[in-house]
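Letters A, B, C and D mark the chains in the order given here, with residues in each chain numbered from 1 onward.
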Amino acid sequence: MSVADSTTQPRPARGPGSVAPSAPPAPSLAPHEAETLEQTWRDPPGIIGWFAAVNHKTISLRFMVTTFLFFIAGGLLALAIRLQLARPDGKLAGPDLYNQLFTMHGSTMMFLFAVPVMQAVATYLVPLMIGARSVAFPRMNAFAYWIFTLGGLMLFIAFFMGIGPDAGWFAYVPLSGPQYSPGKRVDFWAQMITFTELSAIMEAIVLITTIFKMRAPGMTLNRMPLFVWTMLAASFMVLFAMPAVMLGSTALITDRLVGTHFYNPGEGGDALLWQHLFWFFGHPEVYLIFIPPLGFMSSIIATFSRRPIVGYSAMVLALIGTAFFAFGLWVHHMFATNLPELGKTFFTAASLMIAIPTALQIFCWIATLWSGRISFKTPLLFVLAFFVILLAGGLTGLMLASVSLDTQLHDSFFVVAHLHYVLMGGAVFPLFGAFYYWFPKFTGRLLSERLGKWQFWLFFIGFNVAFFPMHVLGLQGMPRRIYTYPEEMGWGSLNMVATAGAFMIGASVLLFIVNVARSRRHGAPAGPNPWGAGTLEWSVASPPPAGNFEMVPIVYGRYPLWEKPRLPSHVAGLINEHREVLITSVADAELDHRLWLPASSYWPFLSALAVTALFVGSIFTPWAVVWAAVPVAIGTTMWFWPKRSTSDMRVASEQHPELFK
Amino acid sequence: MSMHGRPFATRMPQPVRRPARLVSLVPLVLILAPAAAAAAPLQDALRAYGVQAEHIGRLWNFTLGLCALVFALVLAAFVCALWSARRGDAHTEPDISSLARPERGIYRIIAWAVGISTVGLLALLGADVVTSRALARMPLQDAVNIELIGHQWWWEARYKDADPARQFTTANELHIPVGRPVVVTLRSNDVIHTLWLPNLHGKRDMIPGRTSTLTFRADQPGTYRGQCAEFCGLEHAMMALLVVAEPDAQYQAWAARQRQPAPEPATSRTRRGREVFLGKSCAMCHAIGGTTANAVFGPDLTHLAGRGTIASGMLPNNRGHLGGWISDPQTLKPGVSMPANLMPQEDLHALLDYLETLK
Amino acid sequence: MSLRCPDTVLACFICLGAGLLQAGCEREQRPTRAPPAASGTGDPSFTAQGVLPADNRYEENAYAVSQGKVWFRTYNCNGCHGQGGGDSGPALMDGAWRYGADPASVYASIAHGRPNGMPAFGQRLPEDQIWQLAAYVRSMSGQLRIDVAPSRSDTLQASEPEGRREKAKTTVDTSGRAGQ
Amino acid sequence: MSDKARHQPDPAVGVRMENAPGGGQGGVPVNGRNSAQDSAQNSAADAVSEAGANTAPGAEPGATAGAGPQAPSATLDVSCLPTFAFGHRSPMWWGTLGLMVVEGTVFALAVMSYFYLRSHSSAWPMTGLPPDLLWGGVNTAIMLASLVPNHFAKRAAERLDLQKVRLWMVACMIVSLAFLGVRVLEFTTLNTRWDSDAYGSAVWMLMGLHTTHLITDAYDSLVLTVLMFTGPLEGKRFVDVSENAGYWYFVVFSWIPIYAVIYWGARI
């Protein structure tokens, strides 16, 4: 169909739309001023400097690469799982290894890839989209990255040491408890949770503050790009969802290490308490994986159908509604337990109703495409896959929302198929689209369209070949998480098909890596705005200068680069010699004050090391919490402690502002 | 470790409804389901042999139909959009007129679409409520009461009766009368397990410290396979359960046999075998009614020879597999509590002879 | 951006890990890769010859020790030894031993029995289980590393989890032998 | 809404409204606090006059005088804006709020778990007595009392009054020593252990969580107090003091429900 044959050559470097013809030349800094600004915001050189970097773009790129590496690792684990299941009575992995494989796969994809990668992309794009020079709390941003990386490394080192967790990614007690999981496997898993949740919460706070206080003058809340709205919604969800699993995993660790009884029915505890705590986090987590991609969708669809998204306010309300309702569904993961039937029906209703906002958004996008002027670039292709795959996943979700149907489908391969349709279709496909879309902004070069199209079709076909048969397998009675199955169950052929599909996905991801590697050097130069997009991140050079904007822009609409520029168009009078940023008011982005953000520092990294020592040590002895608290306190204090020269300068600038004009 | 020769009662009943019709909207199933259905033992949510599974099957058909319809409609709209929309590229001047004046027409269409989806969702909710009421309303008079206890990794079944003398215990294989309701009380001895008999009813968790019940009825004689559905540790994959549904008379005969103690060994070899059983580690974990072996850690072996499988549905119950299982279970089912038993060949054969008498 | 530096981080972490590797493996193995129970168990009949190995490698393996705990309950050792607090049989939670505290002696006590009521389980229990029991019994008085000894069970708790007991100083008092 | 977006006031209007913030302006006293007040007033006055200049008839609002009063200017000069601000105008406030939301949620969930476990148990406390009331009550009183110096520290900070900030921060430190000491006594009179049963676990979890917050908050305040004496100081540091005081409020007020649950939840 038309999607296939509408391939065109890569765009010429400079697209239109960045500046409308009739506009007066945008004011800019004198070269030496621009150089000063670059110096001010650049990361320090050398190894030490590498660990001291706090520039949000540097940290974000590292964050993206790290999460992508975890994605590769999780994918390899998945291939191992598929190989084992490809044929009946598979002998590749014994039960012990297999249980570690799928536990690592699930935990990696959920905790080390899906949630953090969205935040990673956001910490790069949000400041650029809202016309800010940095994120708020750049050092906390760096700390969040380090703590995440160290936590992920800890988990994989444990895995390679044969201490890989083996209780499943939702680690139900009592199986994950002290009696049935001897040794330290589950402790490492639970501490990994603590690491990643800590990181996620900090990133959420950074993003919320950035979005509320650092938008360019004039970017009122209802002029924010929809992607920024999605990140705002997702970040608020993080604040309320993550504490549940942190509390739950802390209780699990104390149960295992110091003998508390939260989950011990023999002493008044209850195994279902864990399920409640975990799913009160776990279900919102699915949505906070799925909501940021909605923002990718809106950005990409708007650009490639050459018009604003239909129904901006409806989209925003739908996002908020989704984020809100997401907290009312968790029990539909527990329909097979002996909870009261009436309560279950309530959660069925809630789980069905949350489909409405999603449906609304899908209709708005379809309307946008219908009334727009489409150009089928690779980013759009990946985004269009969403409409097929997520739609299917959403509909199977409706089946799982029904108490009676769920008793048949729950914990079967049908659920495996469903969750991959939702998470891959809802998050991974748009995410790849986003990479193709913003890669020029990150690197200044375009990814190859031809490889991109190949990757897309391999991925799209491979995905369906791999996961559609699992619906059928589930209905034929194949339960989840079995390391093998007898031949005459008749599941062999479909499993073989699924494995073949899994390897097609692997091949397409390989193509993506090749594409990135090639294009980083030989890709076509992108120029500031290769797609002719309308939002602020495309108004600066690709890759953006260290300070993002030479002069902070003033915003008069939702698509500043598409609309007719108005005056005054930029902000003057920010100090270039220091990391000075403009703070604006929450609702209407009116000028408020000028803040100096802290400069580069290696203390966030050192503090992260100290915290890691504390967490890992606490797996072996509770006293580690006490002893390691000392280096943590030292590290964080040094991190906070101001530099005298800087403060003196600031004081001077406060008392004699005229000297700093 | 695949099963050579099927341990199941071979009589394969006629399905209540054809699988093909059930899933007629899923093309891939049309191709593959018959192939899969041919040889497989009965463990299939799409083929109902009991009233409860039928209710759920009906709900499944309705939901699948509605969802498929929605899928088709939305996809059609989507394809039309892509088809009919004009083409553009990065140079196309963006059309921002919608920022000035909202597009009422489009909003109206979207509102209608959302409204219709809401109606569809309400229909699903209604169907679900109706189904759960139907499931709850299954009549329970003269039901068979079974207490099913999950262990890592096998099933212990206690047939309840008002008269304690008529109660008995067996493992990994239930027999139930066709057409009579069965009330299964679910408990767990260690971690969370889940009972799933797809052809008869949906799942129900067995949670330590809690009890729950599952009620179902088999309307067709046959052997139905169930499997633990909640991940329960190393051998989660090897925790299957057979349910043999047979006419009431046969069931009564079976139950009567189960209430008997094990027969006295007749020959010297079998007597030797019993000595081996009682003298070695076997008696430390297993019970055999009518002997001094009364440990409850492992499955009750009083009528072992009457069962279709050993190692909880993993191996067919024949002399060869039984011998292999006794001498080296850890290779067959790594992590199982059954230890390897090194004994002289003649002891082993005597033991096997004895066990084969436990009809 | 250069990835050299994360590699160095990764490297030093792996070195760190390698140090713990040995401990990790020994502690975490499951029966699929379980180590031979004890040095010298190659010959199944060695107990008959009274040749007893010095050390019990299951004492390094958390899973094996927890299995020992299972056997301890299953075979009703509590019947005489209480929850380790002792009843008709001697207490096992204190450091006082009548027939020696070393793994070999504990193995011998279980396998061959002792005067005044301790039956011989050598014929009825497979060797592996006896070694696992021996490991667990020693953990009851805190003789094992705390990261190997069992933590609390999902039951009514009679006494502090083995993993959190003070290592009792072992004394061998023969007084109990003659007595009773 | 989309057309509403067109009618947003020009951001420049914000300059007029926002850049004479009460008290949120000015530098740090170099010698004595009078100069602090002075410099505050001075620069505030500058800002006002600046704003006045901007509103010259015919000029695009917010345009710099340098660009000439008649021609609409391409840039909006912000060099007259203050360099820090208190309350919800400061990013620090939002960061702290985020932390409070997270920790508030943790407390709420811990309390829910407490009652969830209670609902599954016949006796509560399951064994033994509820916690003794004495030290818990005393500590609650101390914490409530600590709000006074905390409040004055916050107010002094917002008036850039270094001397008073130092005074009240020291007072806060003394009080925090008091409630940390009493907290130890509290633990000794809980009449249960974390590993005795689910009740004990829940109680110790609640106490542990809140004690962690007491310790961290006390440490934060300590660091700030030292900073107030040694410097280096700039206006932003007074915002830190004010936000730290706000966090102190949170720690104390979150204790009220936790106190009620621990000490009275086991009695009613």
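Throughout what follows, a residue touches a chain if its C-beta (ideal position, glycine included) is under 8 Å from a C-beta of that chain, and two chains touch if they have at least 3 such contacts.
These figures come from a predicted structure and were not determined experimentally.
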item	value
Chain whose Cα centroid lies at the greatest distance from that of subunit C	D
A-B against B-C, pair bridged by the larger set of C-beta contacts	A-B
Centre-to-centre distance between subunit C and subunit B (centres being mean Cα positions), rounded to whole Å	38
Interchain centroid distance [CA atoms averaged], subunit A/subunit C, Å	46
Centroid spacing, where centroids are CA-atom means, of subunit A and subunit D in whole angstrom	29
Multi-partner residues of subunit A (each touching 2 or more other chains)	94-96, 174, 180, 255, 258-259, 261, 264-267, 270, 308, 557-558
Junction residues of subunit B, two or more chains touched	98-99, 190, 208, 234, 334-335
For subunit D, residues that touch 2 or more chains besides their own	2, 5-6, 195
List of subunit B residues in touch with subunit A within their complex	1-3, 6, 23, 26, 28-29, 32-33, 35-41, 43-46, 53, 55-56, 59-60, 63-64, 67, 70-71, 74-75, 77-96, 98-99, 103, 106-107, 109-110, 113-114, 117-118, 121, 124-125, 127-129, 131-132, 135-136, 152, 190-192, 194, 196, 198, 201-205, 207-212, 225, 227-237, 314, 334-335
In the complex with subunit C, residue positions of subunit B that touch it	190, 208, 234, 279-281, 283-285, 295, 297, 330, 334-335, 337, 339-342
Residue ranges of subunit C in contact with subunit A within the complex	1-3, 5-6, 9-10, 13-14, 16-17, 20-21, 24-25, 27-30, 32-33, 62-63, 65-66, 146-148, 150-157, 160-161, 164
List of subunit A residues in touch with subunit B within their complex	1-3, 6, 8, 11, 15-17, 88-89, 94-96, 99, 167-168, 172, 174-175, 180, 265-266, 270-272, 305-308, 310-311, 314, 336-338, 341, 344-345, 348-349, 352-353, 355-356, 359-360, 362-364, 366-367, 369-375, 384, 387-388, 391-392, 395-396, 398-399, 401-412, 468-469, 471-472, 474-477, 479-491, 493-494, 530-532, 534, 557-559, 562-563
Complex interface listing, subunit A residues touching subunit D	24, 26-27, 136-137, 140, 201, 204-205, 208-209, 212-214, 217-218, 220, 222-223, 239-240, 242-244, 246-247, 250-251, 254-255, 258-262, 264, 267-270, 273, 276-277, 280, 308, 312-313, 551, 554-558, 567-574, 582-586, 588-596, 633, 637, 640-644, 646-648, 650-651, 653-655, 657, 660-661
